[in-house]
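Some notes on the structure that comes next.
So that you can tell them apart, the chains are marked A, B and C in the order they are listed, and the count of residues begins at 1 in each.
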Amino acid sequence: MARLILIRLALAVPILLGVSIAAFILVRLLPGDFAQTAAGVTDVSAATLDLMRHNLGLDRPIWAQYLLWLGHALGGDLGTSFATKRPVTSEIFPRLAVTFELTLIAALMAMAMGVATGLASARLRGRADWAVRVWNGFILAIPNFVVATLIVLLAGLYFPQIGIFNYTPFFTDPVANIGSLLLPGLSLALAVSVTVSENTRAAVLEIAAQDFVMVARAKGLRPRSVLWNYLVRNALTPVITVTGLRVASLLGGSILIETIFAIPGMGQYLFDSITSRDYPVIQAIVLVTAAIVVLVNVLVDIAYIRADARVEM
Amino acid sequence: MSEIGLLPVDAPATAPRPTARRAGYWLIATGGVMLAVMLIVTAFGPFIAPYNPAAISPDSLAGISAQHWLGTDSIGRDVLSRLIIGGRTTLFITAIAVSLALMAGLVLGLLSGYMGGIVDQMVMRALDVVFAFPVFLLAIAVVAALGPTIPNLILTIAIVYTPILARVVRGPVLSVKRWDHVEAARSVGVSEVRLVVSHILPLVISPILVETSLTLANTIFTVTALSFLGLGPPPPDPNWGGMLAEARQFMELAPLTVIAPAAAIVFATLTFIVLANGLRDMLDVGGQR
Amino acid sequence: MTEPLLDVTGLTAEFVHRGETIPALNGIGFTVAAGEAVGFVGESGCGKSVMARAIMRLAPEGSSVRLGGAVRFQGTDLMALSEARMRDIRGSRIAMVFQDPMTSLNPVMTIGAQMADMIRRHTGFSARQARARVLELLDDVGIRDPQRRIDDHPHQFSGGMRQRVLIAIAVSCEPDLLIADEPTTALDVTVQAQILRLLMRLRERHGMALMLISHDFGVIAGMVERVNVMLGGEIVETGAVEQIFAAPAHAYTRALLDAVPRLDAEGRQA
């Protein structure tokens, strides 16, 4: 098992490298001259521009530039923001924390909703099953930004006293902070909850047919006991891993949700930096986001390996 | 944002084929009707639309009325007309982009799967890198890099969705390659092209049809989301995402300006989801995303 | 004559599948006296497992079963009981050991936890009392180093040890009747004998009645006093074990006996 885990970790390395290369190239494709944009001011003398180019290392071959950047990045230095002139790492970090919190809340909500509907669908069958599946199919057709906009509309029309755009940082007021992330989290969570629901249903149906569930019933245990300790606990492993695999889509969706709800996370930061052509920032965000996705996928794979070990041996 | 997958079929032990098939028929029929409606409306768009979508009028944020069936937006433009023309643009981009992605995916998947070995490995690693990026992030980055015009949007979508289609194609190719009768045919001297066409393609068609429907649904997502962020077709082309974004400013005054594009987006997405599930049920493909 | 512990009369079972009715048990009847060991022999598909589950009223998940007849246990007809009352009986008065130890334990619970939950269900034991009882039981069934093993997960046990745990679970609440459905079929030959000996020892200690179900006459012999031979959902022959062995009346019984490799057979072909 340890060997399998090491192999999986090893596989992640070339992918991360590829990701870094892709991020590097992507930014080089953006329109506009790097040095010019770094300078910011339009009328800069050619000599100054040349000097800037030299300082930024732009006169070296591209592979050298890449290695230079990569080296710095591995050491934690992601460059300096064109817009604020501050280190990108320190700019990204707090925003990353915000997005992380939003994503986590969304993931938890998605799991809660998905497990509930999936369980109902699997255990109650008949009408409940049909209702859940229709609901799922419909929810899947509503993009998360449409959900978010509709939520804002509903709140504005019928609950004007609820402040929607009142994001509060965590350390200022934890309760308000979490409260302000609930509706944004819900917008993100709905689509993911469908996947969780389907997987829960399938998992529960499969587990209910297993021998150890029959044994549990033969022991005379109460139905609720069987449900939670034997069915749900075994279904949770696939559910959590499936949610983990959905991190990519949660991160992608957070860009839109953060914009709509005015939440200062990475998504909004990315959008702003694209508009303001802040290339080091764009590069860093793309790299960090993709790296997170790769790492979460690796964790999910490791979880699968461990779960398999338990069941198969 | 590549959220859309398939609704599960019951395990074969409980649902006999005929029921799944029947459900499939119904779903495809429904989806087909919805698709037909969209196509007709958008094809005849310019003739059906009561107003010029860019026509400003002083009658802004109006509700439902005889002159404006779906009201007007903040600068007096007719919502219904914008919806119809916007649909044209959205569906046009979607159709072309997905076709490109399909062709590229077929070629890539066939090549990679068929040639196997080092080529296959390289292609798969490259695709893994692409898969590491959230679809939407990638789309934003590419559109930002190339500039938000319609051709660039089409190209972006095509690039972003080629990998998943390539992967779906590659699967059956890999398994068919090893089949005995393919080996036999090859040893007798049947040309590689004929092998591909007569043995592999038929196997690939079913999952590809299903996956393409899903991709169409996801593309509607991506296109409307991009235009929501302002990275969509530039004005004066109306588009659903852009309409939604613009409507946010005064949405309490005229909720219809939000609801109309929202409903259109949901309708279009639902069409392809229904079709995908129907195809899956009918063709009995192992549905997974 | 005292009433038998278990008195089954006219037990029928039908599976209903998509409108079709498939019969599994055709009106079988037998008795088990308190403390008695009775064997049930037949090949797969004869309905012996269905019978065991019918007595416990444990329908497999996802299928519907129609039961008929009467199952009188200690004077009460189990068929007429509510599900809630049946749950009280399962585990505490009638317990079952299943065939495949590899899949019969919950992979995500510790052995101790899934033994204790049953004990606490049927008694008022506290967590600590239940744990002490679990340790006793593990020792009884021959698990070495129970203090350490009690917190292990099933995948850390071998097949034979898992079956011991399952047997421990079954006897933990001192049931009056233990039903063992092919308890050794999935085990290595060397382990089979140990498990059978364990069952015998526990039965003597607790004074339980035992219903031992197997397709293998060799397993049954030496463990039980009486045997019922099953075929096609019916009991085709019944009698004392020595008598069946010496003079089988039914052709099928003869075929079953012939299938058992015997050291004292003089050049008989199977």
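What to note about this one:
The rule we apply is simple: a residue touches a chain if its C-beta (ideal position, glycine included) is under 8 Å from a C-beta of that chain, and two chains touch if they have at least 3 such contacts.
Please read all numbers here as calculations on a predicted model, not as lab measurements.
Note on connectivity: the fewest chain-to-chain touch steps from chain A to chain B number 1. Chain-level centrality, scored on Cα centres against the all-protein Cα centre, points to A. Of all chains, the one whose mean C-alpha position sits at the greatest distance from that of chain A is C.
The mean-CA centres of chain A and chain B are about 22 angstrom from one another, to the nearest whole unit. Distance between chain B and chain C, defined via averaged C-alpha coordinates, is recorded as 57 Å. We define each chain's centre as the mean of its Cα atoms; on that basis chain A and chain C are separated by 51 Å. Residue positions of chain B touching 2 or more other chains: none.
Chain contacts: chain C has residues 62 touching two or more partner chains.
Looking at chain A, one finds that residues 205 touch two or more other chains. On the side of chain A, the complex with chain C involves touching residues 205, 208-222, 225, 229-230, 233-234, 237, 309-313. Chain contact summary for the complex, chain C toward chain A: residues 56, 58, 60-62, 87-92, 95-96, 98, 100, 103-109, 117-118, 121-122, 153, 155-156, 166, 169. Residues of chain A touching chain B in their complex: 14-15, 18-19, 22, 26, 29-31, 133, 136-138, 140-146, 149-150, 152-153, 156-157, 191-192, 194-195, 198, 201-202, 205-206, 246, 248-249, 251-253, 255-256, 259-260, 270-271, 274, 282, 286, 289-290, 293-294, 297. Residues 1-5, 7-8, 11, 125-126, 128-137, 140-142, 144-147, 217, 221, 224-225, 228-229, 241, 244, 247-248, 251-252, 255, 258-259, 262, 265-266, 269-270, 273-274, 277, 289 of chain B are the ones that touch chain A when the two sit in their complex.
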